[in-house]
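Two complexes come next, and they have one chain in common, chain A, joined by chain B in the first and chain C in the second.
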Partner chain A sequence: MTDVQASGPVLAADGRPLKRSLARALRRQKLRALMLIAPLLFFVAITFVIPIGSMLFRSIENNIVGDTLPETVLAIASWDSASGELPDEEVYAAFVRDMIVAVKNKTHTRLGSRLNYELAGISSMFRQSGRQVRKWDPVEDAPFRDKLIDVHKGWGEVSTWALIQTYSGPYTSGYFLNAVDLQLTPEGIKLQPEEKRILIKLFIRTLVMSLIITGACILLGYPVAWLLANLPTRKANLLLILVLLPFWTSLLVRTSAWKVMLQQQGVINDVLVWLGFVADDSRLIMINNQFGTIVAMTHILLPFMILPMFSVMQTIPPSYLRAAKSLGATNWTAFWRVYFPQSIPGIGAGCILVFILSIGYYITPEIVGGTKGVFISNRIAYHISSSLNWGLAAALGTILLVVVLMLYWAYDRIVGIDNVKLG
Partner chain B sequence: MKLKTLILTAASSAFIALPALAQEMTIVSWGGAYTKSQINAYHTPYSEMTGVTIINDDSAAEAVAKLRAMNEAGNVTWDVVDVVAADAIRLCDEGLAMEIDPDTQLADAPDGTKASEDFGDLIVSDCFIPQIVYSTTFGYRTDMVGDTPPTDVCAVFDTATYPGKRSLEKRPINNMEWALICDGVAKDDVYDVLATAEGQQQALDKLATIKDDVIWWSAGADTPQLLADGEVVMGSTYNGRLFSVIEEQNQPVAMLWDAQVFDLDGWIIPTGLSPERQARALDYVKFATDTQRLADQAKYISYGPARKSSAPLVGKHATLGIDMAPHMPTDPDNAKNTFLYNYVFWADFRDDIDAKFQAWLAQ
Partner chain C sequence: MSAENGSDGFVTFESVQKSYDGETLVVKDLNLSIARGEFLTMLGPSGSGKTTCLMMLAGFETATHGDIRLGGVSINNIPPHKRGIGMVFQNYALFPHMTVAENLSFPLEVRKLDKSEREQKVMRALDMVQMGEFGGRRPAQLSGGQQQRIALARALVFEPELVLMDEPLGALDKQLREHMQFEITKLAHDLGITTVYVTHDQTEALTMSDRVAVFNDGVIQQLAPPDELYEQPTSSFVAQFIGENNALHGEVQSIDGDVAVIKLNSGDLIDAKPVNVSNVGDKTMVSIRPERVEFNMSRLAEGSHTLKAEVLEFVYMGDTFRTRLRVADNDDFIVKTRNAPDQVRLKPGSTVDIGWMPSDCRALDA
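Here is the complex of A and B:
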C-alpha cells in the first residue's frame, strides 16, 4: 500500500466513512434501547435508589447541632474540654442567643432529643431551659453562665459542653460507632459500657440463626422438591398446591398458628402429655426462644427453597439416573455423583433467597422469638418507630446491607453466581 | 373524539370529587374495641351533626414515626391523632403537633368551669388534649392461685407462693418501677433511685429473680390471650383489655389493681395542615372532648374520662348493662395504691435504660 489516497477509508452509500456511520447507527440503537427501559430505570431510581440512599445518608448526617446552635458551635471550637474547666462566658452568651432563636422556631427540644441519645437527661435540660430563655434579652440579661446553671445544674457540668463540642460537626461517625457497641466521647472512641452492649451480639445471632434456618430449609425442602419433580404431573400439581397454599396465607396468621401449636398449653404439648411422653408439670418450652423462631421461620421460608430446587430438578432428565444405574452404580452413588451435582444450582438459588430474606426478618421473631430469638431487624424497627433514633437505625441498616453484599461476594467467589438458576 | 370525552369526564369528575374530599377527615387511633368506642361516642354523632365523613386509621402505635416522615415529605394526611401522653410530648418537642390553648379552643364544663381547670394536671403538654385515663395493671387466673388470691403487686415476684409464668411488657417502663417497689424502695424515691446506674442495676437484679418465669409481650392483646389459654398465672396489660377478658368473655380472671400505673391518652393535631383542615380538626376535638362525650365513651370501654366533670355522668355499659364506675381505674376502691407515669423521667431516660434493659434481656 503505497497510495493512501487511492485506498482511503471505506465509505458508506452517503459518502461518509463507513466506520463512523456504523458507530452512529449503533449509538442510535443503544439510545432507543435505553429509551425503552427508561421508565423502569426512572421508576427504580425514584422509588428505590433515592429513598434508600437518603435513608442511609442519615447514618452520618448531623446537621441538627450546627443548624440549631450556629454561634455556640463557633464559640466552643476553641475550648479545651480536657482542661476540666467550664467554657467561658462567651460560649454561654452565644448559646443563649442561639437558644432564643431556637425557642422561637421550636427546634430546641428537637435538638434535646437528638443529644439525649448520647447522654441521658439532656432532653429535659433543653425543654426546661427553653421556658426560661424565652424571657431573656441577649444583651440586658448578661452574664448568663450562673443564670443557666440556676435553670439546670447540667449546664454547669463539663460533660454537657464536651458532648455539644464532640457532636458539633455536620457529619458524625457516632451512629456507626453506636451500631457496633462503641461510643464517640470527647476523649475519643470507647467501648460502650458492658451493660449496654447488645448490637454486635444481635448481628452475630441474626447471621447464625439465618444460616441454621437456611440449612433446615435445605434438609426439609430437598426431598419435597425431588418428589415434586419425579411424580406424575397430576399428582405433582396437587402437591405443588399444598406447597403454595401456606404461601398464600398471611404471614401473621401462619406465625400465630405456630404460637397455638408450640405454647406450653398448646396442641403439641397437649398431645405429648396425653400420650404420656411428657409429664403435665414439665411441658416442653418450644416458643418464645430461638427454637420457636427457627421452626416458624423455616416453615414460612420453605417455599422459597422448594420452588427454585423444583424448577431446576425438573430439567434433569431421569434417564441420567437410569444410565448411571445400568453402568453399575448403587442407588446412593447414582444420586450423589450424578443427580445431586446437577441440582446444586437450585440449592444455590434457594439458599440465597432464604438467607437474605431471613436476615431481614422482623415480625416473626418479634412474635415467637421471646428474648433470645430476636434479630437485629427488631432493634432497627425499635429505633425507627419507638426511639426515633433514625440515624442509628440507618447505620444498623447500612451495616446489614454491607454484610449481605459481602456474603454475596463470598458466595460468588466460592460457588459462583453463574451457578445459580431459578429454573 | 372518544378520547376527548373521556378526558372531559375524568376532569369534570375530579372537580366534582374535590368538594366531597373536603368533607372528609382522617382520624388515627388504636383500632379494636378502643376505636369502636370512639366511633360510637364521638364519630357517629359528629358525622350526623356536620356531615363530615370520618376515615379511621389504626396506626396510632407508629404515629410519631409516621408523622415525622409525613412532615419531612411535606404531606400530612392525618387530621387528628390519638396518642399516649408520652408520644404527645415527643411530638410537641419535635414540633410535629400544634399547641392548643384549652380555655379558648376546648369546650367549658356544663357548669362553666374552664377546660384547663376541668382537665387539671392531665394537660401534660401544650399540644395534648387529654381524653381518657387508663392504667397498666395485673390480671391473674383465679383458678391457678390457690386459696390466697394475690392482693399485692409483689406477688408477681413471689414464685414460691404463685408458681407459673408471668407476662410482662418487653420494655423497661413500669417493670423497673414495680421491681424497685418490691425490692423495698419507697414509692416516693423510685425515680431518684432509677436515675442512677446502681438503681437501674438494682431493678434489673430484682427482675432477674423471675426472668426464667416471664413471657415478654409487645402487643396489648398478648396478656389477655395468655391468661385465657392458661399459659400464665398473672400478667400485666391495659385495664380495658382485662375488663373485656373478665366481663365480656367470662374467663376465670380477676384484677390486681395494686400499684397500677396511670397513663393518659388523648388527641393531638398535626402541624402543617391547611387552615380549613386545621379549623375542622379543632372543631372535631372541641366536640369530642366535651363533658358529655367523654362520659359517653365510658359506656363502651372501661377507661376513665379525663374531665372531672364527666365522672358523675358515667353510667352503665351499653350492651352488658353493668355499672361501669367500679371498673374504672380511677374508682377509689381500685385506686388505693397508684403510680402516675413519670413523663419527664422517661423522656430523659428511656433511650439509656432501654438499651440496658434489652441487653439484659438478651443475656
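Here is the complex of A and C:
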C-alpha cells in the first residue's frame, strides 16, 4: 500500500534507522525525567532502601565474635565439641590474648551481652574475667586454662566453648531461629526452652488480632461509608468532618481516652454498674488485654477503612440500584448483587491499609494492651530499646515484612490488586 | 390506538402532585390516561417534571398527592420491584461487573426462573436487538449504541407490559439515534407493550409516538397525536416549542365564527382562526408555520387580508428554500418553500405580498 518496503529497517529522514533515532530521542526525555525525580529517588533511598537494607543485613550479621576474638576463632576451629573434652591450652592462650586487647578497647562486655542472648549468664563471665585478665601477661603468666577456670568455672565447661565455636562465623542464622522460637546450639537447631517460646505466639496473635480489627473496621465502616456516599452533600460533608475529626487529635490522646473509658473504674463500667447490668464488685476487665487493644485500634484505624470505601462508593451511580429494583430485585438483592460487588475494590483497599497498619502498630497496644494484648512490634521495640538485641529485632522486623509481602501476594492472587481502588 | 382521558386506561394518573421540598410543586395536578399498547411520549423543556413523573410511575418517588393506577390497581403503595415495569435509563445503568448475558438474566434470576428457561429467554432477547454474539462481553466493551440495545433488551427480557424510557437515546449521535428510534418503535409495536418515553427532542417525539404529552412547568400543556400537536397547537407554548413557528403579536379586532381579524401591533390587519381568544380586545399571539405562508394571492379567498414583506435573506437548502422576511416589524419571519421548478427564488431587498389561509393561522394566548 505504501512505498516503504516490508523488509529491512525503516529509515528516518537523515538515513539512520528509525528505531535508533527514536531510542535517542526517548533517551534524552528519560534522562530529563530522571533528573526531575532525582531528589525523590534520593529521599526514597535514604529513608527506605538503606534503612530496610541495613535491617535485613543486621538480622544475619555476626561479626562481633570474629572481630573481638580473632585468634580464638582460628584456634577453636579445629576443636571437636562433641568429644566432650575441653579445648587445648592453645585455645585458652589465644582467648587470653584476645581478651587483653578487648579489655583495652572495652569491647569484651559487648561480646558478653551478645553471647548472653544465646546462653544466659555468659555476660557476667566476660565482665568478671575481664577484670582479672587485664592484669595478666600473655607470655609470662601461661598456662591459662586453670587460671581462667579459677576466675570463673564457666570456662571449664564444654558448652561455653561450644557456644563460642558455634557463633564464630561472620553470619548467623541464630537471630532468625530465635525469632521463631528456635535456637542454634552446638548440637544443632533446637526448640527454645518452654518459657522463652513466646514469639510465634506473638506473631500469630498479631495476625489474628489484625484480622479481627480489619473485620471490625469493615463492619463498622461500610455503613458509614455508604451514608457518606448517599447523603445529601451538606450532611455528607458534616459526617466526613466527623470521620476525619480523630485525625485532629493526637494518637496518644485518643488512646489514653480509651483507657479512661475502659478501665475498671472507667466510664463504661460506671454506666453499666449504674444501670445495674454489672455488679459493683465484678466490674468488667476491658483494658490491658486483647479486648482493649481491639477496641482502641479499631477506633483509630476506622478512618483508613472508611475513606477508600467512600471514594469508591461515590463513583457508583444510584441509577444502578434503581435499575436493579426496576428489574424486580428486592432492596437486599439489589444491594447484594449490584451495589456490593461494585464496592469491593474500596473494601479491598481499606483492608490492605488497615491490616498492614495494624500488623505493625505499636503505640496503642503498648498503652492499652497490657501483657496479653501486645503485638510483635512491641516486642521489636523492646529488643531495640531495652534488651538492645538489635539482631533479633531486625530478624523479627524482617519476618514481619516478609509476612506482609506474602499476604499482599496472596491478596493479589485471590482478589487481584487491580481490584483495589482509592477512588 | 387513540385513548380518551378516562379511568379505563392501562396507566392512569389522577390529579397527581409532587413536591420535593414542600414549597414548590414540581408536578401540578397531572391527569393522564395511557391505553394498553400505546406509545406515549413526554416532551418538554429541562426541569419541566418529565423524569419526576416517570419516577413516580416506576415507584422511585412517591406522589405527594393523587393516585397512580396500573391496570386499574392503585400502585401508590407497591414497592418498585413488585410493579413489574421495565425501565431504560438515560445512562443505561448496565451492571458493569456482569456480562451482557448476566445483565439480561438478572431479572429472570430474581424471578426464580430455572436455568434453561433463563438462557432461552436471554438468547431470544439478545436476538431481538441483534446482539446475539455479544452475550459474553462486559458492558464496557460495547459501543454506546450497543449498550443502548442491551439496556433495551434487559428492560424487555422479563416481558413487562409497561416499559419506561428516560431519554434513552440522549447519548447517541444523530444517525444512530434515528436508527434506534425506528427500532424502538418497531419493537414496542411488535411486542404490543405500552411505552412511556421521555425526551426533550421534539423530532423524536413526533416520529415515534402515538400521542405526545407536552410538559411545561409541571403541567401538561397539550396531549395529542403528533400531527395534531404540530398543526393545531392549543397554546402559544406548544406552538413555539414544537417545530418552527412564526409569531406575531396583536389584539383581536373582530371575531366571526371561524375567522377572527387581528390587529397587529404594527397596525396591520390579518385573518386568523380563534383558538383561545374569545373576546374582542384580547391580546393574542398568532402562530403561522413557515411552510403554510402563501405568496400566490390567487389561492387565497376573496377579501383575505395580506401583508407586505421585505426579503432579508434567502437560503438555498436543497430540497427547500428558506427565506427570512421582515413582516409587521418582525425581522425573523421564516418562510419555507419547496424546491419546485416553478418556485420563485426571492431576491434579498425585494418586497413581496404574503398571505395565508385563516385556518393555518392560529390566534393563541398572548
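Everything that follows uses one rule, which is that the second predicted complex is superposed on the first by the 409 of 423 C-alpha atoms of A that agree within 3 Å, B and C clash if a C-alpha of one lies under 4 Å from a C-alpha of the other, contacts with A are read in each partner's own complex, and residues count from 1 in each chain.
The rule is short, and it goes like this: a contact is a pair of C-beta atoms (placed from the backbone, for glycine too) under 8 Å apart; a residue touches a chain by one contact, two chains touch by 3 or more.
Source: prediction; values computed, not measured.
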First, second, both or neither for A:389, with chain B first and chain C second: first
Touching partner for A:98 - first (chain B), second (chain C), both, neither: neither
Contacts of A:109 with chain B and chain C, given as first, second, both or neither: first
Contacts of A:341 with chain B and chain C, given as first, second, both or neither: second
Which of chain B and chain C A:333 touches, first, second, both or neither: second
Which of chain B and chain C A:325 touches, first, second, both or neither: second
Chain B residues touching chain A - in the complex, by the definition given at the top: 61-62, 64-65, 68, 90, 92-95, 165, 170, 195, 201, 215-216, 218, 229-231, 344, 347-356, 358-362
Residues of chain A that touch chain C when the two form their complex: 317, 319-320, 322-331, 333-334, 337-338, 341-342
Touch list for chain A against partner chain B, complex: 105-107, 109-110, 112-113, 116-117, 120-124, 127, 195-198, 201-202, 263-266, 288, 366, 370-372, 374, 379, 382, 384-389
Interface residues, chain C side, partner chain A - complex: 58-60, 79-87, 89, 91, 93, 95-97, 106-107, 110-111, 154-155, 158
